[in-house]
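The following pair of complexes shares a single chain, chain A, combined with chain B in the former and chain C in the latter.
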Partner chain A sequence: MGRRMGLAWTFLRVGALNELQYRVNFFLSLVQSVVAVGTALVVLALVFSHTDSLGGWSSDELLVIMGVYVLMGGLIRSVIQPNMQQLMEDVQEGTLDYVLTKPEDAQLLVSVRRFGLWQAVDIVVGLLLVAVALVRIGDPVSVWSVLAFVLTLILGGLDIYCFWLILTTSAFVVVRVDFLIELFDGMYQAGRWPVTIYPGWLRIGFTFLVPLAFAVTVPASALTGRLSGWLLLGAAAFTVGLLVLTRWVWRQGLRRYAGASA
Partner chain B sequence: MAQRDADIRVSGLRKTFTVPEREAGLRASLRSLVRRTHRDVHAVAEVSFEIPAGEVVGFLGPNGAGKTTTLKMLSGLLHPTSGQVSVLGHVPWRRERDYLRRMTLVMGNRNQLQWDIPALDSFEMNRAIYRIPDSDFRTIRDEMVELLEIGDLVRKPVRNLSLGERMKAEIAAALLHRPQVLFLDEPTIGLDVTMQKRIRAFLAEYNRRYGATVLLTSHYMADVQALCRRVIVIDHGSILYDGSLRELSARYAPHQTINVTLTDPGPELSGYGELVSTEAGRVSLKVAKDQTSAVAARLLAAYEVSDLTIEDPPVEDVIEQVFASSATTVEVSS
Partner chain C sequence: MREPRRRLQGLPGLYAVTMRTAVQVQFQYRTANYAYMLGMIAEPVIYLVVWSTVARSQGGAVEGITVGEFAAYYIVWTLVRNMNIVFTPYGWEGRIRQGELSGMLVRPVHPIHYDLAYFAGWKFVVILLWLPIAAALTLIFRPTFDISLLEIGVFLIAIWGAYLIRSMLLWVLGMVTFWTTRVSALYDMYFTAELLLSGRLLPLALLPGWAATVADVLPFKYTFGYPIEVIAGDLSTRELFIGLAMQVLWVAVGALLVAVVWRFGVRRYSAVGN
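So, the complex of A and B:
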């Protein structure tokens, strides 16, 4: 385990050091981030000029959700998406062969090879938004809720990672899956609102199919006193189950790639 | 050190792909949406050979002959349809770490180095993957960099390198863990002659230094002639010839060419052999191999000769001859 973390750390360090050379990208990411957050704030203000709460969330609480949404988006764009994009390219171009001839777990390798340093700007911006929202709410935040927040954030990140990897693994069957990125981006947009505002079937979809609820709403709940121990346990159980399923799908994909399933 | 006898043993190896089949045209396309017909393609049909430790073997055949499929099975990327393979005592497609750490695969038309970062950083990633101890890593890396003369190049982003420079960096990256078995699929493809020579010389040196076993495919016969004493010729998934390069010439090219330049050009020489060409007084004659010395002696006795050479036919021609003869007789040789 420690060695695997070491491997991931080496990749992260190499990736980050190289991105440092392209400082223009930092400003581009920052501008992009500011524009996105600005637009979202305007929309938020518009909504709350008509109503006081949305699905039981006050305007400042919704700001927490938006912060988590931006933060998770940064995590996706800096870690998950670049690796999955690389995996798709590798399947298309046949360079996945090089990953498979390495004496290391292939799933680990394809998951940690890339790191977009500047996309991680959104992680900081998201954290700032969350902090501002919490100050405006004014309630004291306990150490436990911060811990629960970090934990649910990790679980949510893992859920999104699993979702992506399962989608990308379909590249072993249907080779062209570039559209998946756009599809996911579109669906992820829905995460800026608490999943509770969506009608039942959509809410279930955003909870268990595209795990937006676990990625955004649940961590935000942890900071706004909405998270019960049961929900935390449920989120953990869901993540474990999803990780197992993802592993299985990945192995099936590899078997297919190697022609072992026929 | 333990005795290494045969590093690679392959017996009865087969790989059959099932591919969808349809005819050209819209109607056929639509029909294939509903009902797909499939066809079996025998990419590798019954291949057996052994390669002892430290040997460099050329794996030859036209495109689609089954070379790459075989290499992929040997490097653990593909499961065979049937047959047995043992490389360094491992079954490749089990992908055991012990095995993967001791072999490498280089494909000339695909890169493993990351495009946007310097090769040196990709080397660092391979160090982490292969768990190469720091001190060993520095020694091996510096040795590769020196042998391949890529000292300045490894610091530039890979996308800024020329094809040849990139290939050298690719090879260095693939050998950092000092593998004992090398599978090289067209390692010199698309490179200019000078660069091909460099890479050839490097591979020969690597083989000499570390006794590595090498199975190499190439379309450039110069690669094969320079590196391999033994060749395996494959076509349509079956081995047509397995033996020394010299014997291949002897068996499939029963002729040699005598080039002779007479001091007084003019005499008709077609009585000595089949006239191939006459150029600026230089006459080329195709003569049966067992006759060449006698014919040469007769020429030297009969005329005043200013220059006389005897040439083997180019290996390309010999290989072509092998494929041509296989069309009529299927021959599997040892």
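So, the complex of A and C:
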């Protein structure tokens, strides 16, 4: 386990060093992030100019959700998506051979190879938003709720990772899956809002199919006094189940990989 | 001997051939086209859910717009959004850097005609693919429509007006690449303004008064909110025709801008390769 963590850390460092060569990109990411957050704030203001609460959430509480959404988006774009995109390319071109021949677990390797340092700007911006929102709400935040927040955030991140890996594994079968990125980006947008406002069938979809509820709404609930012990337990159980399922799907997918003139 | 089939000459001929090619090419990629269209549905569905939630909490309507009318708005939205897909300004970097423009320059007509014709042809495939999506959304979200024949007629013109305006404005925006390649911040800004002031994010009636006034004098509204409201809103006959007149105006402005910016921009172009 320790060796694997060390391996992931090494990849992270190399990825960061690689990105540090292109410093202008930091400002591009920052501008993009600021424009995106500015737009989202305007949207929030527009919605709340017509109502006081949305599905039981006040505007400051929704700001917590938005912060978590931005944070999780940064995590996806810096850690999860680059790796999955690389995996899609490798399957298409047959270069996955180079990963499979290495003496380490292939699922681990394909999950930690890439790291987009500048995209991580959103993680900081998201945390700032959460902090601002909590100050505006003004209620004291207990250590327990912060711990629960961190825990649910990690669980949510794992859920999204599993979801992505399962999607990407379909590349072993249908080869061309670039549109999946488009599809996921579209659906991830739904996470800006508490999943409770979506009609029944969509809410179930955003909870279990695309785990937006666990990735965004649940961590935000932890900070706004909405998280029960049962929900926390449920999130943990769901994540464990999903990790096992993902492992199985990954193995099935690998069997279908035939390589292609790498 | 049979008379050979008369061929269309000149510009109409160019359009006919390019559009037909686009239909054939894009129909081959129908699965990819479909996946792309399905991915785009998330956006309006999210807006629709948010505003329906607000409307319900306010006793059934926001600014007089009911839940059913929101549904109608965002379902028509999906067609107008598809009509609004034109050559992306991000594509200009490739055209210039890889010298694709060189080939277009030696042809005897202005290159915008190829883009206009190609994407217009593509629209016919898109509209065909859109019909089942619209049917499904209608079954799920139960929109309320109140449509007259006149409105249908105006709508059929207005979606093409929207297409022309957005094509030309984005062409002008793309041509900025002749001067600089650091365009992403500018484009971000443009698309954000468009999102907020076009009716894409929300019906313009929900904007604060001053913002709605700003939206009136900008072109964005005539590429999004106006065509949608022709069908999904209740515009008076006068408003229907004022909208069309504004579209004509913006088409003219767009054409002028394309002509002028192209003249100066293309002088800065030096072909690489190709």
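Just so it is clear, the second predicted complex is superposed on the first by the 257 of 262 C-alpha atoms of A that agree within 3 Å, B and C clash if a C-alpha of one lies under 4 Å from a C-alpha of the other, contacts with A are read in each partner's own complex, and residues count from 1 in each chain.
One rule holds in what follows: a residue touches a chain if its C-beta (ideal position, glycine included) is under 8 Å from a C-beta of that chain, and two chains touch if they have at least 3 such contacts.
What you see is a predicted model; the values in this text were computed from it and never measured.
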item	value
Partner chain in contact with A:A258 - chain B first, chain C second, else both or neither	first
Partner chain in contact with A:D97 - chain B first, chain C second, else both or neither	first
Partner chain in contact with A:F238 - chain B first, chain C second, else both or neither	neither
First, second, both or neither for A:W164, with chain B first and chain C second	neither
First (chain B), second (chain C), both or neither touched by A:L54	second
Partner chain in contact with A:F214 - chain B first, chain C second, else both or neither	neither
First, second, both or neither for A:N18, with chain B first and chain C second	first
Partner chain(s) touched by A:F206 [first = chain B, second = chain C, both, neither]	neither
Touching both chain C and chain B, counted on chain A across the two superposed complexes	none
Contact footprint of chain A on chain B as seen in their complex	15, 17-18, 72, 75-79, 93, 95, 97-101, 103-105, 107, 110-112, 114, 116-118, 121, 124-125, 127-131
Interface residues, chain A side, partner chain C - complex	28, 31-32, 35, 38-39, 42-43, 46-47, 49-51, 53-55, 179, 182-183, 185-187, 189-190, 192-193, 197-199, 202
Touch list for chain A against partner chain B, complex	3, 6-7, 10-11, 14-15, 17-18, 93-95, 97-98, 100-104, 109, 113, 258-260, 262
Interfacial residue positions of chain C with respect to chain A in the complex	32, 35-36, 38-43, 45-46, 49-51, 53-54, 57-58, 62-63, 184-185, 188-189, 192, 195-196, 201-202, 206-208
